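Labels A, B, C and D are assigned to the chains in the order they are written; within every chain, residues are numbered from 1.
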Amino acid sequence: MDFRHSDRSLEVQARVRAFLDEHVLPAEGVFEEQAARARAAGTPHRTPPVMAELTAAARGRGLWNLFLPDPVEGGGLSVLDYAPVAELSGRSVAIAPEAMNCAAPDTGNMELLHQFGTDEQKARWLRPLLDGEIKSCFAMTEPAVASSDATNIATTARVSGEQVVLDGLKWWSTGAMRPECRVAIVMAVTDPDGGRHARHSMILVPMDTPGLTVERSTSVFGYDDGPHGGHGVLRFEGVRVPVANLLGARGAGFAMAQARLGPGRIHHCMRSIGMAERALELLCERASSRTAFGMPLARQGVVREWIAESRIRIEQARLLVLKAAWMIDEVGARAARTEIAAIKVVAPAAASWVLDKAIQAHGAAGVSDDVPLAAMWAQLRTLRIADGPDEVHRRSIAREELRRHGAGAG
Amino acid sequence: MDFRHSDRSLEVQARVRAFLDEHVLPAEGVFEEQAARARAAGTPHRTPPVMAELTAAARGRGLWNLFLPDPVEGGGLSVLDYAPVAELSGRSVAIAPEAMNCAAPDTGNMELLHQFGTDEQKARWLRPLLDGEIKSCFAMTEPAVASSDATNIATTARVSGEQVVLDGLKWWSTGAMRPECRVAIVMAVTDPDGGRHARHSMILVPMDTPGLTVERSTSVFGYDDGPHGGHGVLRFEGVRVPVANLLGARGAGFAMAQARLGPGRIHHCMRSIGMAERALELLCERASSRTAFGMPLARQGVVREWIAESRIRIEQARLLVLKAAWMIDEVGARAARTEIAAIKVVAPAAASWVLDKAIQAHGAAGVSDDVPLAAMWAQLRTLRIADGPDEVHRRSIAREELRRHGAGAG
Amino acid sequence: MDFRHSDRSLEVQARVRAFLDEHVLPAEGVFEEQAARARAAGTPHRTPPVMAELTAAARGRGLWNLFLPDPVEGGGLSVLDYAPVAELSGRSVAIAPEAMNCAAPDTGNMELLHQFGTDEQKARWLRPLLDGEIKSCFAMTEPAVASSDATNIATTARVSGEQVVLDGLKWWSTGAMRPECRVAIVMAVTDPDGGRHARHSMILVPMDTPGLTVERSTSVFGYDDGPHGGHGVLRFEGVRVPVANLLGARGAGFAMAQARLGPGRIHHCMRSIGMAERALELLCERASSRTAFGMPLARQGVVREWIAESRIRIEQARLLVLKAAWMIDEVGARAARTEIAAIKVVAPAAASWVLDKAIQAHGAAGVSDDVPLAAMWAQLRTLRIADGPDEVHRRSIAREELRRHGAGAG
Amino acid sequence: MDFRHSDRSLEVQARVRAFLDEHVLPAEGVFEEQAARARAAGTPHRTPPVMAELTAAARGRGLWNLFLPDPVEGGGLSVLDYAPVAELSGRSVAIAPEAMNCAAPDTGNMELLHQFGTDEQKARWLRPLLDGEIKSCFAMTEPAVASSDATNIATTARVSGEQVVLDGLKWWSTGAMRPECRVAIVMAVTDPDGGRHARHSMILVPMDTPGLTVERSTSVFGYDDGPHGGHGVLRFEGVRVPVANLLGARGAGFAMAQARLGPGRIHHCMRSIGMAERALELLCERASSRTAFGMPLARQGVVREWIAESRIRIEQARLLVLKAAWMIDEVGARAARTEIAAIKVVAPAAASWVLDKAIQAHGAAGVSDDVPLAAMWAQLRTLRIADGPDEVHRRSIAREELRRHGAGAG
């Protein structure tokens, strides 16, 4: 195992760090205020204007599309090399990723289009996404079935001549409410009689296609995630798109979804670690500045245990994510599937733990939005469910482990 | 120990249960919709109209002010006898307590007025509170100091002739934003040279007193708690009230705050248990209705462990709260202080655990507001900080335990 | 729920407490020394001579067979009334239960004989057991199958004319190695074609019956449990006893085993709580007498958290055990089965937690046998497996809970 | 970070693996039997004869003293390169380390002698230790003081002319009881007026020096650790050795003890991970071969969670230990002190967790000595205390973290 970062990565990290210090962190308050104003004005999904300044600054500094390994369109960074960039962006997770055009779900969608898109699809959707001119969403999860088992997905996409007709109900399409969102990548059953993992395809559906209704947004622990376009509930009723809108091979949807998740999970996990680092920093600052029962919190044994355990959990989680990233680079996401499953369990859990303690040390301020802890916690809690709940990942890891020991059962 | 409930309590419980089934639970959706509409209209703190119907129904059924032991004005129930009523109200914690005029902070304020108020104070504030005509708030916590150590409180109330002049900044005054809120009970330093626990007094401050500004509301994990009046940030600048507004003896603020907390904690803890019971019910229903990997969740070992552990933790927490309640009745809150500290740690923690598992079993729905789990979780998380963080309560319990074993240190 | 103890129970408790202080605790060192000497002499299973003095003293004080509800032969105490006696005996778990003839497995065996034995069986085995003249063992667990599922039991007891012929291998027959052990109650399949819970019977097998070999003793975390007769591995090869040795009805073995477990679990759990109380006492003493980094441990936050959490867990566990005991008395073991399953999970776990912290606070002494903590911990760890592992009990609790909520699955 | 192992390390690992498979694992039963026989014969501290065969085999294969970085006397391996060798030896922790002359406390003692010994000291003690002809012990911990704070050490070593006179009581001198043990390295106060970290020196004391009595051995959770020489209680009464027996500089004892711990902790932690891997293997095998309630354990959700969590914890712990090892090689033990403290907390805890689950899955067999789990668990539990309890290490980590964030407190 060799987790050293390339000189290119180290140089990019330094510039991202400077961008955060000089632009992003100072903009956090402004962003929140503008979001609150938009909400009060009845337009909660309008992007706060400060974001345009931030994206301009990021682009001007060459900190744009760094997630994409392609050296022309993206950052030319391996997964391992991009990992610390993702971590840094997690320190200001509500702003930094989008400011650098490195925010989910656009990142995963761009990866899919880059890898599987036809020239026409690329011109129409990938180009403007890469340029930050439009946004996109991903429609996979369904309210009626346990999405932890992806073979449950029930939305149909009947191929009929030159047309594909979609019917079904999706939710948790993050970003779908924002005005800039122009296209959804939809996972649907095209081949109901195919094998368990060969029934689904991905279809590009423009948001203004007749029959597609964005009904409402779901909230997350009270947060509407308005400035990021909320989490749309999408109803498809006889939605027709040309077959040319099929993304990748018909029936390959499941495999493509899996491929999409590999680097995506590294991003999620590293951002989680960035959140944890931010929280630990806030915890230490709070502990040093507050006094109770005649002693600063920083000298109280219980708070010290929190700090030490936080450092320990962060270190361990980061190392495991770096290992998974390194494996994706070296042997591919499929061979790294146990490690990828493991980090999906570990990183949000470790970060949640740290956040919880930072919240506790902040007292009542911790659960409020005066500090960014509660919002980050809510996002991390969601990660323990999104892209498969912890339980499903543990199930896969156990199966693999049992197989290694020659155990047939599983 | 004898935890049997009186016949009166059993009879009241049955009626509360019926009221919940017939009125409260069916109104949950309406309440949420009306709150959303109020929010969209820019009046988030307006009480949803359905509440008036519910209070009328509760009052009509004699389910009003049950928290107050006074047999004339209240329910005539001992703390032990009221405990299961509080638990039941926790099943629909956003509505039921207020519908029965048993919601914090009014309950604690009414207790204080009932116990320590002058006839004039009672006529002016207790009467309308008991009648549900006005609401009140409690101003104790301050943003600038660690409120876990109550001796830190810094707001001053200078007694000058016939007037008391208040200066300081308070926050987390729950309910302060609602139009019906007419009075705040404020904890402030009247006697800076008094002993550590004899410096503070409680003062009744009408909300429209000049110099008192409700600056804004803090949120809790993204929830504005709008329909309950939010959590107000109150600035006191040269606020003058007559000395007749002193509640109880001058310098007795600390002792009164402690007294207020005894039964209040039983209420909080029993409501927590009610939330946990509701969550466990939802967890079981979900587990029975969802299938993943070819089996209903209810047959999957991990989910079963959650269910069993939930039942176990709820049972244990409830028994301990009942013991504390019984002790308050038998020997008083002071002698029961270890038990009261213990339940403050135990009940929210047990309930949070159950909520977390119920959320996980619900998948993405769990973190949304389509089910009441996320909102209940946020409230429970807050309880681990409010009225003293867990760490402070554990500190007291340890001190008491060490004393029992003849250990001087502590 | 009414957990008040009868006057008789309170009076017995006081006498047991005095017996512990005056006889048992002072004898702990002597007992250990005598056991060490017996071990060195190659007779590890000889009962240390001090035990005879202790049993004489207990008997003289009327503290004999208190576990048996029968007012003539036993203590005339209900299960709830006996519970605190069991707790007290757990404070010196290696000596006190046996000194009062209240130690497993004899207690369970005496209960079975008292309830189901014929007059002849009673005269031959119950009488001398009640008089402390002989000891007995219970042979249920088998090494070859998962005993967590009792229907797996494979030892056969073929009824052939007037004889029963036993073949099979049992282990964890506690006490089997001691010279005083004269009879084993053996669980075996008499009716292989019966229903799943109607195949087994219990058979009384004198230890000197030809074909029965006590092969060896298993140890528990390095402890041989020598003075209590170890844990025997019993081989049955064509062992013949008369059919008159069937205990209770043929095919009723499973039901009788269940019945035997009810009060037995109360005993185990209360003794666990007694161990936890002893450990917490030692923890507090240690914390007060040791200094590290310039402060007594008792003033260090982490140690205080241990102490507080210990008290909290003990209180909760005890209340749940008392509830289960009260239910057994009121509605019987069958109706209390969820509670009984719950305490089997809770009490050893809570006690183990306390023990672990007490060990940690004692440093290296904690893992040694210079203090009784390590040995108690080992016993508690074993309880999480014996009489069904935690997982099986949680499974039952979940099933019951799901049933309550109308969920068919499970 | 670059955790790749050198070709030399990979080659050595392969040979160690073969040695384990061909010699060590098959000898486990023999070793236990011989130890039991020695115990029965009243000579529990005699090394089982099979060890001589194993050391001969290891030596013949060049698997000898691999822990020592010195390329002539030792393995010529960096700390990172030796780490996986230590892990492999942990798979059979009772035999493998000693078979390769890589067992504590001799390893640490040899390191000290190699680094700080005079030529004469090397000739007299290091040479025969390296050749496996004698054994040694380390005398640091004292029963009367909290050794977690090393400045508490109270044994005195008065330098008087050409002699050093030792007085005091030490315990947990592992190996002191074995006949081959010839020398103790003793930590004692030579300069009571020196600074807090400059008072202690290390002194070489031959075991047959008059005034030195090995009083008895302490046990660990019932284990006497007989074949490894137990854990000696050493009394020093006017013990005189020449000043030439001072090891290293006078007053440098504390610093040397710290230096000794760096690589030593890597060894302990990697062996812990080896134990965890062995336990996980046993857990998987058991889960595949046992059936309860109609399904192999390997298909039951709870057991699968154990397996997955075990894999996750092992992976994370190993990565952190490798990082610490790599840092010791790159920047030295002092600069790696936070990482070294972290692994001391993490590795035994992770391994203990795995062991506990493996024990549970084995049912009653798990707590017995029929499988090696209980003994490994006991050793791991002890590691959470030895060389500083977890709490002390977390304290250091927190202090460092607070310092990083500019917090003076701590």
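Criterion: a residue touches a chain if its C-beta (ideal position, glycine included) is under 8 Å from a C-beta of that chain, and two chains touch if they have at least 3 such contacts.
Everything numeric here is computed off the predicted structure, so don't read it as measured data.
A count of contacting C-beta pairs for B-D and for A-D identifies A-D as the more extensively joined pair. Ranked by distance of CA centroids from subunit C, the top chain is A. For this pair, subunit A with subunit D, the centres built from the Cα atoms lie 43 Å apart.
Annotation: 36 Å between the Cα-based centres of subunit A and subunit B.
Averaging Cα coordinates per chain places subunit B and subunit D 53 Å apart.
Multi-chain contact residues, meaning those touching two or more other chains, occur in subunit B at positions 301-305, 391, 395. For subunit C in complex with subunit A, the residues that touch the partner chain are 300-305. Here subunit B touches subunit A in the complex through residues 40, 42, 141, 143, 146-149, 152, 171-172, 218-224, 231, 290-293, 297, 302, 359-360, 363-370, 374-375, 377-378, 381-382, 384-386, 389-392, 395, going by the rule given at the top. Per the touch definition, subunit B reaches subunit C in the complex via residues 1-4, 280-281, 284-285, 287-288, 296, 298-299, 301, 303-305, 307-312, 315-317, 319-320, 322-323, 338-339, 342, 345-346, 391, 393-399, 401-402, 404-410.
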